[in-house]
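Right after this note come the structures.
In what comes next, subunit A is part of two complexes: it sits with subunit B in the first one and with subunit C in the second one.
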Partner chain A sequence: MKGDTFRRKAVNIGIKFCDIVIPLILAFGVGAIFSLICGCNPFTLYGYIIKRSFLSVGGILNTLGYATPIIITGMATSLSLKAKVFNMGVEGQVFVGAFAAALAGYMITGLPTFLHVTLCLLTAAAAGALYAAIPGVLKARLNVNEVVTTIMLNSIATIVTGFLTQSYLGTGDAYAHTENILQTARLVKLDSKYRCTTAVFIALIIWAFVFFLMKKTKFGYDINCIGKQVEFSDAVGMRVSRKIIWIFVIGGSFGGIAGATEIMGVNYNFVNTFSANPGIGWDGFFACILAGSEPIGVLLYAIVFGALRYGALAAQTGLGVPLDLINIVKSTLVLFMALKLFANHRSAFQDLLTRARKKNKAALTAEGEDVL
Partner chain B sequence: MDTIIETRNLTKKFGDFTANRNISLEIEEGEIRAIIGENGAGKSTLMNMLYGILQPTSGQLLYRGREVSMKSPKDAIELGIGMVHQHFKLSPSLTVYENIVLGAETVHSHSAFGKKVPGFLIDTKKEKEEIQALIDRFDFNLNIMDKVSDISVGAKQRVEILKMLYRDVDLLILDEPTAVLIPQEVDDLIERLIALKKSGKTIIIITHKLNEVKMCADNISVIRAGELIGTVPNDSTTTNESLAEMMVGRQVLLRVNKSDKAAGEKVRFAVKNLTAVDSDNKKILNNISFEIHENEVVGVAGVEGNGQTELMLALSGLMEVREGRVEMEGENICGLWPDELRRKGIGFIPEDRYQQGLCLDEKISNNIIAGYHELSPYCNKGIMNYRAVRENSRKLVKEYDVRLSADLDPTVGCLSGGNAQKVIIAREFSRDPRVLLVSQPTRGVDIGAIEFIHNQILAMRDRGTAIMVISSDLSEVAGLADRIIVMYHGEITGCFKADEVNFSELGLYMSGVKHMSDQEIQQGKGGGRE
Partner chain C sequence: MNINLILNLLKMTVEASTPYLLITIGGVFVARAGVFNISLEGCTEFAAFAGILFGFLSGSILVGVLSAFLVAIALNIVFYLFTVKWNADLTVIGCAVNLLAACIPACLLQALFGTRSNLVATSLIDPMKMKVDVPILRSVPVLNSIFNHQTRITYLTFALVIFLIILLYRTKFGIYVRVTGENIGAAKSVGVKTNRIKLLCLLISAVTCALAGLNLSVEELGIYTINMTANRGFICLSAINCGRKEPHRACVYAVIFGFARALQTILNNYVPVAISSLIGILPYVTIIVALLIVEIPNARKNHLRIFRGA
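After this line comes the complex of A and B, so read on.
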């Protein structure tokens, strides 16, 4: 019996491992084909990306700089996906938060740095939370499908912030942007040459907070149950509709903070292209999907995505490879992961395994007879 | 007599699990054979192989002496084997005759070039005639033009049987045919089965209700844990006790031992004029009123679908109520959230174990505190103490006899029906509730666990808890309850003292034929002695 459970556990771990590694190989394989089409040796390309994004202090700082908002949006998404609530609206919450932070950054004057930074972050969080509360309330009270509402609200957020910037808040420059935020509202770069700012600590605090929330609190216990079985959760008194609103509000406030860190640490003003192709909200969503909503996985994938973002930029200038090539790798990775080839067909694989084992056994006994 | 169907060493495996092992069974033409066994013993697997739904892993299947292999129910029907499933497979919006011919329609035939060619228009006239003739021949008492949604459960079952007779089967398999019937319908069904046997059909009936087996079967085969334990003739030497022992493998108490401690005087839980409506504004609960005293069990009898589910939902705080009050010790608790109800000391055993009672993909330890997980020591200011949760689980698993294999804290989805129910019982009973609302406590639960669950409920009663038990199993209601109320179409139609009740009288109230006046219901002693 003991041996059996052990074997089952080993098989489970093996299947999980295969489901992570094989999609990676396939996705980078597809990337390799396109790399060849672009006339670049894929090994050179991937080697270059790894070298530039991980093998120097500057590279790591840039990678972390790109990963910072993705960690935050990834955790915002993972909280909602754990409860099987599909908040696809983090991107919109990022926009609203960024916009709010940009305004608070130059409109409020005369505050010392620490207070101003805190105030900007809180404003962004509140804006994101309020914006996320809309689909939350609609879902919880009227059972409106959250996928539809959140995606529509994404478009509304990008268009409205863009419109406001262009029409009312522009500075008269060729491209529409808000005024630069004050020095007191800026997050400090760890090294002025590289992208990473103190926001990375905010990201890690949020990461740890969500980790703790999911693993150690009653709230985490509840959202875990809600994600696994809504009817059950209602029946044992978890007040699911309220929890759903909370999940949206918490996720939305994180989305807002993610947007704010980009404005306060990197851009210093709001341009409505600051989170393009794909947005940081979407990268967080992908990281979360790939990690199956598990915090540690989200952190790792967010860093990988950060590295790919920076590496792709570096490869564009260094090797002349188009940026989109790396986006292809990222998208195909999500696609192959979604297949969950091994987990979904585990019985077939187990059959194969047992058959192989039987054959081995048969071969062994046959040999044994020969000896006798 | 010839053997109509025979299995030789039939084995069915699902992965590593063997559902049927080396079953060799011979069924004679023209007999009624009962196949009995606990839930999960492998009866349904065996029947599904006889009907072509499942294919055996190894072993042979012989029909009239010839080896056959069936790929689907279609092959089985062609051979002459028909099956009526426990959950009817009928289309409610079609008429009786349309349901019967569905998939085997008669089409007009035309003459062309001196040959008969089938057309594509359905010959409804001919179909109706054929089916009317069939109904007359077997005296099935159905109107072919009735919509299936409008007819009773018993009639639906007759439609299912006719469906098979129309396809001209010789062997009829019935899976738990009496599970949804009221007592009168059960008698009716049994008479029909005997009549069918006389007309030359062979019948296999799967069940775990021993009384019915005794009433109609010629021979009885017992299956336990996937193996055929034996086949005995149905005669005076075969008693319910001996059959139960064969099924379970040990001696079983078939009667509930209720202490004669009388129900208390104090009303602990009262439902007053409860009315609820569905989305079409139709009343699903109509002016329901009853009281439960201290150490009293009130049983709710009725054919399924007469408002029992809704009553449970309303009392659990999961459904909105249009009018009325629910009082616990005088305080109105109607409209509270489920967690507030729990804090007031009400325990729930919901009807749908796997939807509302348990979270299947969650570990036992987490399931066994659900609903009480905000209490110390499991939770302190919002922070969970999972060590306390695991310790609690270890203790309760032992105390409530939840049987586990090697894994000490598996997900609940791995447990059998009985053990899963024990997890719920452990969760609710260990909190020592003042009121206990129970629905279908032993559905899909094996005999051994039924005994345990009944004793637990009665032990709670003796400790003073006010208990409501909803069950579609009449003998369960009668065995546990001190008082029985009957529900029909969302109303209470009768109220009886459990020790004075007789089942056929109950049946009249369950089918709406009789209806007590409000006063009689209040007094709670309808005529059971007539």
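After this line comes the complex of A and C, so read on.
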């Protein structure tokens, strides 16, 4: 019996491993095809990305810098995905939060650094939470489809913040941006040459918070139940609609903070294109999907995505490969990961295995009979 | 109020509603078969891109049109295999397709032509010649200025909408589609091949999405630009939601959203430059308001306590 459970565990791990490795190979294979179309040897490209983003201290710091907002948005999404609520509005909340932080960064003066930074982050969180509450209330009270509303609100956020920057808050430069935030509102860079700031600690705190919330609290348990069976959770008396609103509000505040860290640590002013291609919120969303909204997985994928983001930028300047190539790898990865080929079709594979074993056994006994 | 302005607005409404109507009517079929397909957006984008790209490369519009259909159909077959056949999550796959639609055109344009923003094929396609002059309409005063000189696909759309509504409500196939969406177990128990029904619905939506994409890129402009679909797929999803998956109602909402888009374009000429970029939110706000108006009366009817407003 002991051997049996051990074997089952080994098979489980093997299946999980296959479900991660085979999609990776397929996705990078598709990426390789497009890389060849772009006229670049795929091995050179992937080697270049790995070399630039992992094999030096500066590279790692840059990777972490790009991964920081993705960790936060990934955790923001993971709460809602756990409850099977598709909050695709993190991108919009990132915009609103970044905008709020940029305003608070130069409009409020005369505060010491620590207070000012905290205030900016809180403003961003509040703005993101308020913005996320709209689809949350619509979903919880009126059952309006959240996918549609969040995506519409994303567009509205982009247009409105862009409009305000261009028409009222611009500084008269060629490209529209708000005034630079004050020194007191800036997050300190770990090394002034690289992208990584103290925001990475904020990201880790948020990560730990969500981890704790999901694994150790009643709220996390409730979220899990809502994701598994809404009707049941409702029937046993969980206040589901209130919880859905909370999920949106918490996710939204994290989205806002993610935007704020970009502004306060890297850009120092709000530009409408600060979260481009495919956007911090979307990267977090995909990291969360790939990890199945498990916190540790989100952290790992966020770092991988950060590396890809930085590596792609480096490859664009270094090898002349378009930035979008890496997005193709990302999206095909999501496509193949979602399949969970081995986990979902386990019984089919096991049937094959047992059939093969029986055949073997039959063959063996047949041989034995022959000998006898 | 200037009468010409109103006529112009209505004409632009017809123009803007065409892709909305097409995507919506195809999406209704998919939604009715119980597949929540958010990759309508990506499918349209791919078709728009393929139409211009292959047309430009081969030098013939026909090749472009055919390849747009092929690409859309291939994409939806992939979607069918992944979601219906192999049980992957619908929304996740839809998102991945949408992301692919955002990056593959950009990547190919960069690789083949060295720009990642647009592909101009006006040397091959003259958008002015794409407009059809209908002789019957010429003598009718108001209708002439609204409906005449539209593109071929626009006229095809009206026929297609009527045809597909009849298909859904008056034929055996339509009954199968509706049963599949409402109760898949019941459908299976009476021997309906639900997977095949879902595939056929996805193919219908592939054809309509391809038409919508062709209308956007090949017919209206002769240019492909990145992110040409501009959330039209999601707007049509909300039209389907607003119309409670009934094709005629969904189409009415599609036209309303088309009107919002046309109004945005017209207003752009009349407001100061500073505000003009703000007008862009008009379609989106319209949609959220429409969703609200539709859902508020329904909120009381829901069986679940959670969605009744606790």
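Note that in this section the second predicted complex is superposed on the first by the 349 of 372 C-alpha atoms of A that agree within 3 Å, B and C clash if a C-alpha of one lies under 4 Å from a C-alpha of the other, contacts with A are read in each partner's own complex, and residues count from 1 in each chain.
As a convention for this text, a contact is a pair of C-beta atoms (placed from the backbone, for glycine too) under 8 Å apart; a residue touches a chain by one contact, two chains touch by 3 or more.
Given the structure is predicted, the values throughout are model-derived calculations rather than measurements.
Trainee: Using the superposition on chain A described above, determine whether A:K218 touches subunit B (first), subunit C (second), both, or neither.
Mentor: A:K218 sits against subunit B, while subunit C stays out of touch.
Trainee: Mind working out whether A:K228 is in touch with subunit B, subunit C, both or neither, as first, second, both or neither?
Mentor: Once the two structures are laid over each other on A, A:K228 reaches subunit B alone.
Trainee: Who does A:N327 touch here: subunit B (first), subunit C (second), both, or neither?
Mentor: second
Trainee: Quick one: is A:V240 in contact with subunit B, with subunit C, with both, or with neither? Answer first, second, both or neither.
Mentor: Once the two structures are laid over each other on A, A:V240 reaches subunit C alone.
Trainee: Among the partners subunit B and subunit C, which is in contact with a greater number of residues of subunit A?
Mentor: C
Trainee: First (subunit B), second (subunit C), both or neither: which does A:S167 touch?
Mentor: A:S167 contacts subunit C only, not subunit B.
Trainee: Jot down the residues of subunit A that show up as touching in both complexes, subunit B in one and subunit C in the other.
Mentor: In subunit A, positions 231, 234, 239 sit in both the subunit B and subunit C interfaces.
Trainee: Spell out the residues on subunit B that touch subunit A in their complex, using ranges where they run on.
Mentor: Residues of subunit B touching subunit A: 15, 316-318, 337-342, 348, 350, 352, 355-362, 366, 370-371, 373-374, 379, 382-384, 405-407.
Trainee: With touch defined as at the start, can you tell me which subunit A residues reach subunit C in the complex?
Mentor: 34, 37-39, 86, 88, 138, 140-145, 147-149, 151-153, 155-156, 159-160, 162-163, 166-167, 230-231, 234, 239-242, 244, 278, 282, 285-286, 289, 322, 324-325, 327-328, 330-332, 334-335, 338-341, 344-345
Trainee: Give the list of subunit C residues in touch with subunit A in this complex.
Mentor: Residues in contact with subunit A: 38, 82, 86-89, 91-93, 95-97, 99-100, 102-104, 106-108, 110-111, 116, 231, 234-235, 237-238, 241, 274-275, 277-278, 280-281, 284-285, 287-288, 291-292, 295-296, 298-299, 302, 304-307, 309-310.
Trainee: Going by the contact rule at the top, pick out the subunit A residues touching subunit B in the complex.
Mentor: For this pair, the touching residues of subunit A are 1-2, 4-5, 216-221, 224-225, 228-229, 231-239, 347, 350.
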